[in-house]
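Given below, in the form of structure tokens, are the structures.
Below are two complexes that have chain A in common, paired first with chain B and then with chain C.
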Partner chain A sequence: MSTTLERPALATSRKGEVAKDKGTLTRSQVRTGWTLLAPALLHSGIFIVIPVIAVLALSLTDYSFGDTWSWVGFGNYTELFRDVDFLASLWHTVLYALVVIPISMAISLAVAIGLNQKIRGIGFFRTAFYIPTVTATVAVATIWLWIYNPGSGLANGFLSLFGFAPNRWLADPGTALGSLMVVGIWQGLGTKIIIYLAALQGVSRDLLESADIDGASRWQKFRNVTLPALGPVQFFVLITSIVGTFQVFDLVYVMTRGGPGSETRVLVLDIYQNAFQDLKLGYASAETVIMMIVIAVFIGVGRLLQRADTND
Partner chain B sequence: MTSATLPAVVPASTKPSAVRPGRILLYVVLIIGALLMVTPFLWMVLTAFKSELEILKFSWLPGELRWSNFTEAMQSAPFLRYFRNSALIAIGETAFTLVVCTTAGYALAKLPLKGGKFMLGYFIVLLLVPFQIILVPLFMIVKSIPLFGGNNILGQGGIGWLNSWWGLIIPLGAAPFFTFLARQFFVSLPDELAQAARVDGLGEFGIFWRIMTPLIKPALITIAVFQIEAAWNGFLWPLMITTSDEMRPLQLGLAIFSQNPAEIQWPYLMAGTALATLPMIVLFVFAQKRFIEGMANVGIKG
Partner chain C sequence: MRRSVGLTVLATALAVVVSSCGSGVIDKSTDGVPPAEATGTLRVLLPSFPPSNEGRQQFQKVIDDFHKAYPKMKVEPDFATYNNLNEKMSTSIAAGYPYDVMVTGVGWIQPFASKRIFADLGDFGLTPDVIREKSLAALIPAVTYDGRMYGYPLLADTRAVALRKSAFIEAGLDPEKPPTSLADIKIAAEKLTKRDSKGNITRSGFDLASSSGFRQSFTTFLASTGTPLYVGGEPNFDNQAGLDTLLWIKSMINNVQPYGQVNAAQQPLVYSGEAAMGIVGGAVDCSTGGKGIGQKNCDDLKFFRFNSGKEIEYMGGDLASIGSRSRHKQAAWSFIQSLTKPDTLDAMAKLNRKLPAYKDAANSPQAKSNPLSKFVAEGLDKAANENEVPPNWLEMRGNFDIQLTQAVLGQKDPAKVLHNLAGQSR
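Our next item is the complex of A and B:
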């Protein structure tokens, strides 16, 4: 601690030495750097990089925890495309993503714009919209399981005030997936709103003011100034939403277990059951690889859409 | 600050505080939105106070506040143990993350490493790998950690880290997301500080530990808050690797409790859910600024 107090004196007397020591200094910096980086590199290598490579290799095998296994080439993949459960899961997951992502992005952006208007009680609103996000999905699913309860749940109770007939929600094949989508949208708004709000505060005020002077309407300002400025953030929100919706599991596991029938079966649930209930690890890995490819396609299309949008 | 407030700058409309219909509509819409967000929680709490008879029909308010539901819920399932387990996992994972990710973040931000740029890219790419992708091989790796759970040196013969605190804590801690976040905060510190300390003869590790890290305390709190939330809310991983009730965390306990529709007791389930939810809501209310800054930082700079 005493060194800190003596600093000015030392600084002048040591100036020459420091310059001379530059070589050793950098070397010690490099050594410290790699030492500090090593734990994170080791951890990510073992628990992320190896698994990513392993999933590709496993997908070409019939491994199932046993002592013997063999390479099966693309056998798992051809089998998957005849597997009705897998095809249903893929379809439901894609549908879930296609509905949940645009709706939740649009609502979040609208709410963020609203909250950005020098609103009173912004703290209250921010908290209200963010609380579902900090709540565990299992807890959220449990609450909504009770809301959707056909007998005495809130959903039917509320709608009956307006004279609607009771619905069976999660038990009805026609409404089950839609009911899950509502919860998915509801829970995912918070993060997006916070990100949009921060981005909106960074939109150049000069640009908006000069647009004003030019007599631009509100819509023109939004379309030509605000929206392009949000570009990179939109892309970030889009990617995280794609990855997030494809991961949907907790919600489905607690609320429907994929039912009724397989109306709400989704990819991760199918992977989980193939891997840990049927112990078909190779098969489940192939399924994972397909999920990776679909996510990549979604991100690619998202990127194209965004480019097309900013170019016009 | 954007479109609708701007007319106030233009001299023509000099009454920014005047009540305009647009403004009222905005408040109405926002309040309805906020109610839609909060009502499910409100209903959870109201249900938690009701009796088994009351919930047979839809109603808003409980006839009387049955506080005993909470204690009875705690007895109907080992919720206290689940609580303890979740707290252990959250603390362990947070400590592990803080150590591993701040050191790595500092090295990436402040030390002249050859290939440092590449390393940063490496962590950013990993940040995009969803956990669900590596589910199956991760399970196998954790199962074959050498010399644990009856495994030999080659990682065979036993269960490795399955059904252990190690397995619950280590694999999911230290996510690349947090390394990146720590790096973002270190990068904004001026290099002169480290330089001055070097002149004082402080070693490189000392500079990291005694000079730079204390300066990013807010960032450390942000990382801790996010990690606690992630650990507390985790479900799929504990579901996969725990086999005994002894180690199950709260969310898993809650899911098991809710999976018995034949004899599901909604007031107890809602009481348990309320208790499970409360710590994170309290954490959020107190650390709101940290949550928001963290999200904004990653979203905008990332």
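Our next item is the complex of A and C:
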């Protein structure tokens, strides 16, 4: 038995024009399409394409806001890889991403699973977890500055209850970056939780009930039903987290300004410093290009991992 | 037909957008036009007036004075802070719409002058002799690049040292004979440092006021040995004096003061008793309540200067310049003259807790308003700062802060750090 689908009648335009074949649109359809696309294209052109081209071009110059500039080819790039501040910034950013992304994703998923249960006061908990996301980073950073204050901060006050000696948190080269990571993890939870929560509510109840009938344990249900169903969402969260962590700036700017020394200097802070404090816009542009490449590499790796996971 | 009409409309719209974003908003030049007939907008960037009601009121007085000569010109102020000054300047330059008047600090003139962003004020008759006659001679190096003058001093921002008499007496030291050399300060600071039973510092012996970096304190300590940081744009710190100074700082941190110590009020720690001795700014508010530290606290303070061979006090300042691309240079110079009227400088000094940069600053209302301002005003002839910095000083500021910190915290070898900084300065 076979089913034959009838081809729908070809669209006819206002002027009586007939679309010829698959993928062929009438002129008015094309025009409408471009008209609807135009605002987005204009926006992308002005705020993405032109700046990217400008950055690529500037990265090949020694432009520093003065009257004169010259082409330096790949000179900025070769200089960057001898620049200890840039290398330190790159390393700190990668480290920050490698620690913050998996931990914040794991915590967010765990919390989302908790918030997906039928418990009392669920609305309050959902709001509470989302508040850090909608709070201005400067305000968040200011509160954490107080928490980390070596003299009167909450962190040392709490630890002293258990007999721990006061720590200098942001002033100690050994703990400064870790302290920032804690804030980064805490601040990024809200968005991820909401996304996971939405995805969890879309997990097939039929499959979960089937697993129940088959006698699957909670872990087995999570591992074999819930987690695979979250695959696309995991990828989305991963990509946005990579972009977000690589662009961390305001938190560092307010809390440590990259110090002590350069222990918490991250890429965007280094770019900002080079561009707007040292006035080396060409050099900062080269740094920006490298950051874009590193983000692309990380996203590519994330995509490969996602594909491998899906194939499993 | 309809398509071409659409394209024409789109092109017109784009042209309007581009022209309004671009040169369409830039005025015609008023240079050479009689002041009374000059029209346009004078854009002014300055961190010298806080954007408070009081700051705006004082600034309006400057505008009113300027309007006596240029009645038809508008003044568009941008009340910046020293933290975002460079961002504002660089973005305005990149946008092709630079400020006409820019007020910056010590260390800004040379980098911007070397990029030809500031105009040569010699064209308006400014010479070192004029500054010596009307302003503070100590700020001449700060406004000079390549033998030309690119800025006019508005305010002097000075630093001194203070001790708490009660702490000195308690430690068996004589507050009337303050330690002034680096070696003596260290000995006294170690005696003044208090610790708890676990060895944690509970009162610092000396506040180096270097929570955000050691650049300024290193400059000050080094200058007190008679060694300016730069001479003629060349580094002067990669030597024994520089190394001794850096090692001295290293020996003080976490010995008499924990690294990064700062209080919530961001005030000198000696004011609150969190330190027994330390670097202070150029003014102290002795009033009770509000931001004042109270007369009792004030009476417990004694001020002095560093002297490890040369008695000095650190001096920064607010310096007014004219943008080289300004289309209103004559109006900008007239505006600077309005800014430098004694009454205006007095008001600015009060607002910023600095000293007015006019000849007789020691007799200014600000100098008479509190004991610390009086003290630093009497020592303006002993002023020292980074001296004749190289054109890449803006970059070097950050390098100093990072690398000196790394040396002080034992992450890098101090001698290598100084050698590296000297290499980067060239």
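Going forward, the second predicted complex is superposed on the first by the 269 of 312 C-alpha atoms of A that agree within 3 Å, B and C clash if a C-alpha of one lies under 4 Å from a C-alpha of the other, contacts with A are read in each partner's own complex, and residues count from 1 in each chain.
We adopt the following convention: a residue touches a chain if its C-beta (ideal position, glycine included) is under 8 Å from a C-beta of that chain, and two chains touch if they have at least 3 such contacts.
Remember, it's a predicted structure, so these values are computed and weren't measured experimentally.
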Contacts of A:Phe276 with chain B and chain C, given as first, second, both or neither: both
First, second, both or neither for A:Phe235, with chain B first and chain C second: neither
First (chain B), second (chain C), both or neither touched by A:Ser152: both
Which of chain B and chain C A:Ser64 touches, first, second, both or neither: second
Contacts of A:Tyr77 with chain B and chain C, given as first, second, both or neither: neither
Partner chain(s) touched by A:Val138 [first = chain B, second = chain C, both, neither]: first
Partner with the higher number of touched chain A residues, chain C or chain B: B
Partner chain in contact with A:Gly202 - chain B first, chain C second, else both or neither: first
Which superposed partner A:Ala165 touches (first chain B, second chain C, both, neither): second
Interface residues of chain A shared between complexes with chain B and chain C: 146, 149, 151-152, 275-276, 281
Interface residues, chain C side, partner chain A - complex: 86-87, 89-91, 93-94, 111, 114-117, 198, 200, 212-213, 258-261, 263-264, 324, 394-395, 397-398, 401-403, 405-406, 409, 411
In the complex, chain A residues that touch chain C: 64-68, 85, 146, 149-152, 165-166, 168, 170-173, 257-262, 265, 273, 275-281
Complex contacts: residues of chain B adjacent to chain A: 1-7, 9-10, 23, 26-27, 29-30, 33-34, 36-41, 43-44, 47, 55-59, 99-101, 103-104, 106-108, 111-114, 116, 119, 122-123, 126, 128-141, 170-171, 173-174, 176, 179, 196, 198-205, 208, 229, 232-233, 235-236, 239-240, 250-252, 254-255, 258-259, 266, 269-270, 273, 276-277, 280-281, 283-285, 288, 291-292, 295-296, 299-300, 302
Residues of chain A that touch chain B when the two form their complex: 3-4, 6-7, 10-11, 14-15, 18, 25-26, 28-37, 39-41, 43-44, 46-52, 54-55, 58, 111, 113-119, 123-132, 134-147, 149, 151-154, 156-157, 160, 186, 189, 191, 194-195, 197-203, 205, 208-209, 212, 218, 221-222, 226, 232-233, 236-237, 239, 243, 246-247, 249-250, 253-254, 268, 271-272, 275-276, 281, 284-285, 288, 291-292, 295
